[in-house]
Amino acid sequence: MLSNDTYMELLIFLILFPLLMAGLLTLIQGENFRRAAVISGAVLVGIASLITLADSITTQAVYYSVPVDMIGILIFIGDILISGYIISVSLKARQYLVFGITILQLILLCAVEYLALADHAHIPELFSDQLSGIMAAIIGVIGGLICVYALGYMREYHAEHPDRPDKRPRFFGIMFLFLSAMFGVVFSNNLLWLFFFWEITTLCSFLLIRYPETDEAVKNAFRALLFNLVGGACIPVAFLVIFLGQGSQYIGLHELVTAGPGIALIPAGLIAVAGLAKSAQFPFSSWLVGAMVAPTPVSALLHSSTMVKAGVYIIARFAPVFEGQIVGILIALIGGITFLAASAIAISQSNAKKVLAYSTIANLGLIVACCGVGTAEALWAAILLIVFHAIAKSLLFLSVGTVEHQIHSRDIEDMTGLVTKMPRITMMILIGIAGMFLAPFGMLISKWASLHAFVESVPPYGILLVIIIAYGSGITAFFWAKWMGKLIAVGEPQTKDESHIPRSEKNILYILSALTIGVCFGFPIISWYLIEPWLLTMYQSVTDLISLSNIEIMFMMLFLVLIMPFSLARFTHSARRVPRYLCGIPEGGSTAFMGSCGINREIALSNYYLDRIFGEERLSRISVGMGIFLIVLLLNILIIGGGL
Amino acid sequence: MNSMDPFIAAALFIILAPVVGILITGLDRILTARMQGRVGPPVLQPWYDIRKLFQKKQVAVWGAQSFFIFCYLIFIIFTGALFFGGGDILLVIFAFTLGHVFLVLGAYVSYSPYAHIGAERELIQLMAVEPMIIIAAIGLYQVNGSFLIGDMANHPGLPILLLPGVFLGFIYILTFKLRKSPFDLATSHHAHQELVKGSTTEFSGRTLAMVELAHIYELVVMLGFIWLFFGDNLWLCICAIIIIMVLEILVDNCTSRVRWQDAMTSAWFVTLVAGAGNIFALSIM
Amino acid sequence: MSKQIIVPFGPQHPVLPEPIHLDLVLEDERVVEAIPSIGYVHRGLEKLVEKRDYKDYVFISERICGICSFIHGATYCQGVEQIMGIEIPRRAEFLRAIWSEYSRMHSHLLWLGCFADGMGYENLFMNCWKVREKILDVLERTTGGRVIQGVNRVGGVSRDMDAAELKRILSEIPSLRDDFTELTRIFDEDLTVQTRTKGIGILPKDKAWDLGAVGPVIRGSGHAVDVRSTGYGAYDELDFKPVVRDEADCYARCMVRAEELFTSLDLIENAIDRIPAGDIMVPVKGNPSGEYYARAEQPRGEVIHYVKANGKKNLARHRVRTPTLANVPALVQMLAGCELADVPVIVLTIDPCIGCMER
Amino acid sequence: MSYLQKSPWIIHYDASSCNGCDIEVLACLTPLYDVERFGILNTGNPKHADIFVITGGVNEINKEVVQNIYEQMPHPKVVVAVGICACSGGVFRECYNISGGVATVIPVDVYVPGCAARPESIIDGIVQALGILEQKRHAMNAGVEGTV
Amino acid sequence: MKQPQQTIETIAVEDLINRVHSFHDDGYRLVQISCAAEGEAFEVTYSFDKDLTLTHLRIPASPDKPIPSISRIYLASFVYENEIADLFGIPFTGIAIDYKGTFIRTSIPHPFGSSQISVVKKKPEGQHE
Amino acid sequence: MKVGVMALTVLKNLVKGPATIRYPYQPAKVTPVTRGHLVITIDDCIFCGLCRMHCPADAIEVSKPDRTWRLNQFQCVICGCCVSYCPKDCLSIEQIYLPPTTEATIVTVTGPEPEKKEGQGEEVAG
C-alpha cells in the first residue's frame, strides 16, 4: 500500500494533472496531437483514480494539510477571478440577475475571507476516504472514457453543424479543467476549497452548455448559471454561520460532520441547498433539461454522471447530520417529489436526451431522498445509486449521441427498429436501459435497498418516501419499457450499417456496457470493501445490509438474463413468417394497408406519451411549486428558526 | 407453507402450479359460463388449449417474439419459485415486473398495430398496479418485521386485521393482474374488443401456449399473495382464496371494460387511499 | 416525427360482426381522424331487379339484410303495391306490423348485446342474446324462419296467425317485458356502462338534423323522427308514440333502443287487440308501371325503397336507401376526438348494418 | 381424439353475406347453443384460429381479405363455409360484384347449407370440421407439401 | 292505408344549388339522393323531409355533365354522391369528402352506368374451385 | 349509477342453471313450420318448369325430355317460392335442415317413366 505521503501526492496529481492537460489542450491545434494527448491524459487520470480507489479499500481516511501557506489566498483570488469573469459575461449578455447574485456572492465571500484572516484554525485542506475514492474512480474512469469518446463525437459534431464555431481545443481544455475541479471537490476537506472547485464546475458547465453558441444554448447556459449561483450563494452563508457562530475549526468538512447536528445542522442544511441546485432538484430542475443543448459528451459527463453528482455527494457527506432531523426530512421530501415528478414528466417526452435528462433528475432525487433520510442503510443505497447511475447513464447518453449522428435525430420515435440497423449499438442502449430499471441490474438493487431503508427510518416520513418510490417505480418502468419496445420493434428490416461509427466511440460503449454488467456482479464487493467500511466510520454499527441469499438470487436472475439471448437462435428459424395482422387488408409489403379513399397508408406506431396526464408543463408547474414551498420552508427553518 | 426446504418448495411450485392453475382456470371458465346462463367448457379445457397450441405450426412476424415470450415464461416461473421458496418479497415483485417487461417487449417486436397498442396498455396496467403491489409488500413487512415470504407465511395471527386497506387495494389491482373485466385493457380472454387480442395478437402456436402457461403460473403467484394476508392459517387462507376468486369472477361478469384513464386513475386512487393510507397509519401507530 | 398511431380498424375485426373499415389516426389513444370506407359487402343486388320477376324479387329484397329482413321485404311490397294500386287486406297489414315489431325487438336485442360486447361486457351480451332467442322462437313458430322470415308477398302475406297463436303471443308478452326490464335496467344504471356511454360520441341536435341522421341516432338527439308516426300500414290504427331522448350521446341512443323494446311490445299487444279478421292476401295480376319512394321505419331508422317500373314483369330500378348509409355522416362527426376504446362503442351506436348499407 | 379436436378456436369473417348467417354464427356462442361446450372460442384473430368460419359470397374487394386471413392462420386449419352464399354465391351469385362461393378464393373443407344456416347446422359443420382438422394434422406431421 | 302521394319536381341542374339552399334554410332534412336510368339518360332525385313529408327534386343527368355537389350545404350528401359517382359514372364536382371512385369498388366500373351490362354472367353452378 | 346491477341477473342465471340446449345430445329446436329443406314428390311432377322459372336463386333445373328435376341444394335458399307456384303441389318444405357436407351437392331427382316407379339418386358435382 502507498504511504500517506505518496497517497497525497496522488491526490494532488489528480487535481493538478488535468489542470495541466487543460492548459495544454487549449493550446494544441492539431487533431492527431490532440487525440494522443487526450487519450494519454485520460488513461493516466483513469489509472490514477483507480489506484486511489484501490488504496482507499485498505486505508482509513487520510487527511493532509498543504504545507504552502499562501495557497489559501490563491484560492480566494481564484474565487474573485471566477466571479469577475461571470460578472463581465453577464453584463455583456445583460443578465442582471446573474450579475446581482454574483456580486452578492462576492460580498459574502469577502466577509468570510475577512473573518478567516482574523481567526483561522488550522485544519487539513485535503483528505480522502472510501467515498472520495468511489467518486474519484467515477470521475477518473468515466470522465476519461467520455473525453476519449468526445474525440470522435466532436469531429462528427462539427461535420454535421458547419455553422457552429469549431472551438475544439477550448472544449477539451474545459473538459479537463472540469475533471480537475471535480477531483478538487471530492478531495477537499476545507470547505473554502470545496467552494472554489464547486464554482469552477459551475463555470465549466456554463461554458460547455453555451458551446454551440446558438441563442438557445446561450439562454440555457445562463439559466444553468443562474440556478447554480443561487444555490451556490448558500455556501458562503453557511461559511458565515460557521465563522460567526460555531468557530473556524468547523470549516473542515470532517470536523463539521463529526461535530453532530447541534453544530453542523445549519451550515449543512445551507450547503445542502446548494447541492439541491447543483443536482437539479425541483424547483431548480429546469436548468438541467435546458443543458441538453450541449454536445452529448457534455451531457454525459457534467449533467448526468459527475457534476450533478457533486450535488448529491455533498448532501451524502452531511447525511449523518440529517438523520432524524426535520431538515433532513424536508430534503428527503424534495428528493422524493423530484423523483416522482421527473419520472412522470419523462413519460411525456419523446426527445431521447430529454428523457435521459428527466430520468437523471429523478434518480438524483432518489439519491437525495436517501441522503436526507440519512440512516446507514439509506446512505448505502444512495452510494450504490451514484455508482450504478453514473455508469449506466453515461452509457445511455453516449449511445444516444452515437445514434443521433447516424440517424440525425434524437427522437425516440425515429429509433423504430434500430435493432436491425445498428444491432450492437442497440444492444448497448438496451443494456443501459435495463441497467436503469430492470430487476437484476443496478438501479433496481438500489431501489430495493432504499425501500428497505426507508420503511424503518423516521416513521412516518419514511413511509411517505416508500409510497413515493412505489408510484415512481411503476412510472419509470413505463417510460423505459416503451423506449426498449421502440428499439426492438421492427417494421421492415433495415440494412445493417454500423460502419460509420468511429471505432473510439464503439470501444468506449463496449467498455461502459461491460462496466454496467460488471458492477452488477461486483456490487457486493463494492459494498463489502468500500461502502460498509465507510459507513462504519460514520455510524457506529452497520447492520447486515444485504443478505447472502438475496445476492445469490440476484446473481441467478442476472445469469438467467445473460444466458437467455443464447436461446434466441432457436426461435428465429422455427416459425413460418407471415405479415402482421392488419385486419385483413395489407397492401404492398407488410407495413401498409389499403385505407379509405383508395389511399394506401403506412401504419405508424408511435409510443404513448399520455400528455394529458403527464404533460411537462402541467407537472413542472405543480412540482416546481411544491419544490419552492419546501425550499422556503427549509430555509426558514435554517435561518429564522435557527435550526430548531 | 411451513418450514419446508426452499428448494423443495420451489420445485413443488414449478410442478404443481400448472395443475392447480389449470384447475382454477377451468373452474373459472365454467363458473363464468354458468353466470352467463351457459354450460361452459370441460374443467380441463385450459389444458386442452395449451396442448393444442403446442401441436400447431408456428407463424410469426419475427422469430424474436417467441424469444421474449420464452423469457417471460421463465421469469414468471422464476418469480413463482422465488415466492414459494420463501424469498425476499421485494425481489419477487421486481422479478415479476421483469417478466412482464419481457411480455411487453414480445408484443412490441412485431410492430403490429394491435400488439403495439396492447403493449402500451400492458405498460399502463403495469404502471397502475406496481405501486399497490409494492405497498402491499411494505405493509406485510410492517406486520411481520421481515421481508422474507418464508417468515410471512409462518406469521402467527392474521396480518389482514392490521392491513384491511392494503388488502382491499390489493384485491382491486388483482383484477388487472388476472386480466379480468373491468380492467382487461391490454388483452382479454375473449376477443370482442377494440384491440382484437391486444398484446397477444401476433403470437401463435407454441408462443401463445407459453403465454397461457405463464398466465397460469402468474395466477398461482397472485393467489399466493393473498395467502400472505392470512399468515399461517391454512384453512382460512384457502377459504379466502376461493372467496376472492369467486368474487373476481363475479366482478368480471358484472362490469364492462373501462377506459385506461379510468382504470389507471382509479387504481392509483385506491392505492393511495386504501393502501398508502393503511401503511401510513400503521407506521404512526 | 409526429406522435401518431395510424392503424386500420376493420374490415376483419372481432368487435365488428360485419366488415366496415376505418382509417384511425390516433394520438395516444385519442382519435384525431377517422375516415370510414365501405364496399366489403357490396353485392349489387339492386341490379337483380332487372332480371327477376317483381313478385319473386321479394325474396331477394328480404336478403338485403338478415337482421332487417322482414321490414325490407314489407317495404318493397308496399312500394310495388302502391304503384300497382293494390289495396292489401287489413289483416295482412296488421300481421306485417306484428312481425315488424318482432323483428325490431330481435334487432334491438341483438344490438344491445353487441353493444355490451363492444364495451367488453360479455355477460350482458350473453343475456341479451338469450332473451333474443325467445323472440326468434316466436318468429320461427309463426313464419318458419329464424332470421329470414319469407312471408311477405306482393299483395299481402303468405302466412296467417290463428287465434290460438295470437293468444299465445299475448300470454308471452308479460314475461318478455320482465326480461326487458331486467336488461334495460343494467344499461340504464350500471356504473361501468355509464362511464362508457355517457357523454361519449355526442351528436348535437342541430348537427343530427343537418347530417340527415335517422332512427335511434336522430331520436337520441332529440328529434321525433319516426316514420311509424306517418301511419303507414297498420300503424295508423295503433297507438304509437316515438321514443325521444335529449342527451345526444351513446347513452341516449342506447336508451332509445332499450325503450323501443317496450314500445314494440305495446304495439304488438295493441295490434293483436285490434286485428281484423279476413284474408291475408289479394291476388295480384298484371305488371306495375310507375315509380314510388316507399318509406318505413326499420330498427335502425327510416328506410326508403325506391321502385320504378315500366310495365314489364321486371322492375326498371330498385334502390334502397338504408338507415345505416344515412347515419354514416353522423358517425364521422361523432368519431372525431373520441378515445380508441370508444370507437367500437360509437360505431355500434349507429347500429351499423353493413349488409343493408351496401346491398 | 387429439387436443386439436378438443380446443378448436374459430375466426369468423363476413364476406358479403346478408348478416343472416353472421348473426347465427354469433348466436352459436350465446347461451342457447353455447359452443364453448366443445372448447370452441371465437378468437377474432387469424393467428390464433384453427377454423375459419366464413359467411357470404366473396366479392371483389374482400377476396384479398379472405385470402389474407386464410394465409395468416397457422397450420393445421380448416375452412367452414356457412350458408348457401358462402357455398355457391346463393341468390347473389349473379350479382355483378360477387365472384361466387368461398371456394373460388380459398379451399373449403366443410359446406354448411341453409339460408340462413341454423345454429344447429353450424355446430354440425364445425364438429365435422374437427375430423378434417385431425386428418390435416396427421398430414402435416407426415410432412405433406403445402401443410407446413 | 295507402302510402302518401308523392310530389316530384323536375328542375334544371343550374337551379339545383339555389333550390337546395332554400330547402336547407326552410329547415328540411336531406333524406336521400337516388339515381335511375331514364331511357338513355339518367335522372338524379334529391329527397327532403320536413314533418315526415317527403319532397323530391329531380334533375336530368348524364355521364358527360358534372353535377355540382350539395355537400357544402348538406354534408351528408357525400355518401350518396360518391355512391352515384361510383355506380353510375355520373361525375360530381366539389364533394366534401371525395372518395374518387373508391367508395364502392366494383368488379366492373359503373355497373349501373350507360354501358348497360347484362345481369347474367355466370353459369348455373359457380361453386367449383 | 350503481355498481353490480348485473349481480342479480348473474345469480339468477346461476340458480336457474344454463339455458343451453345440449345439441347434438339433445334434439334441435324445430317448429311445424320450420323451413328445413325442399323435397319433391316426383311422382306428381309434370316437369312444367314453373318452379325453375321463379326460383330466385336459380337452384332448380328441370328437364322435361329427361324427366329429371335437379336441385342444387347449395344454391337453394329455401324461400318456398317454388312451392307457391307449383301447379301440382308436389313440392314441399320439410322441417329438417340439411347436414353439412364436405362437397357441394346437387340432388338430382329423376322422375319415373310413365310406367316406372320413382328413383332418387345423389350426384356429386365435380
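Every chain is named by a letter (A, B, C, D, E and F) in the order it is written, and numbering of its residues begins at 1.
Here is the rule we use: a contact is a pair of C-beta atoms (placed from the backbone, for glycine too) under 8 Å apart; a residue touches a chain by one contact, two chains touch by 3 or more.
Everything numeric in this text was worked out from a predicted model, so none of it was measured.
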item: Smallest number of contact steps required from chain A to reach chain B; value: 1
item: Length of the shortest touching-chain route, chain B through to chain E; value: 2
item: Which of D-E and B-D has more C-beta pairs touching across its chains; value: B-D
item: Middle chain, criterion being Cα centroid separation; value: B
item: Chain at maximum distance from chain C, centres defined as averaged CA atoms; value: A
item: Distance from chain F to chain E - Cα centre to Cα centre, in angstrom; value: 39
item: Centroid distance [mean C-alpha coordinates] between chain C and chain B, Å; value: 43
item: Centre distance in Å when chain C and chain F are each reduced to the mean of their C-alpha atoms; value: 27
item: Whole-Å gap separating chain A and chain D, where each centre is the average of the chain's CA atoms; value: 60
item: Multi-chain contact sites of chain D, meaning residues that touch two or more partners; value: 13, 30-32, 34, 37, 42-47, 59, 61-62, 65, 69, 72, 74-75, 87-91, 93-94, 96-97, 101, 103, 115, 118, 148
item: Residue list for chain B, restricted to those that touch at least two other chains; value: 33, 35-40, 57-59, 113-114, 116-117, 190-192, 196, 201-202, 205, 253-255, 261
item: Shared interface positions of chain C, touching two or more other chains; value: 5, 7-9, 11-15, 29, 35, 37, 39, 42, 44, 47-48, 51, 59-60, 63, 123-127, 130, 133, 145, 148, 190, 192
item: Sites on chain D touched by chain A in the complex; value: 13, 45-47, 62, 64-66, 68-69, 71-72, 74-75, 148
item: Chain B residues within the chain A interface of the complex; value: 57-64, 66-67, 70-71, 74-75, 78, 82, 87-88, 90-91, 94-95, 97-98, 101, 104-105, 107-117, 119-120, 123-124, 126-132, 134-135, 138, 141-142, 147, 196, 201-202, 205, 261, 264, 268, 271-272, 276, 279-280, 282-284
item: Chain E-facing residues of chain A, complex; value: 596-598
item: Touching residues (chain side chain A, partner chain C) in the complex; value: 350, 409, 411, 413-414, 582-585, 593, 595-597, 601-612
item: Touching residues on chain B, where the partner in the complex is chain D; value: 29, 33, 36-42, 45, 48-49, 51-52, 55-59, 190-192, 196-197, 200-205, 208
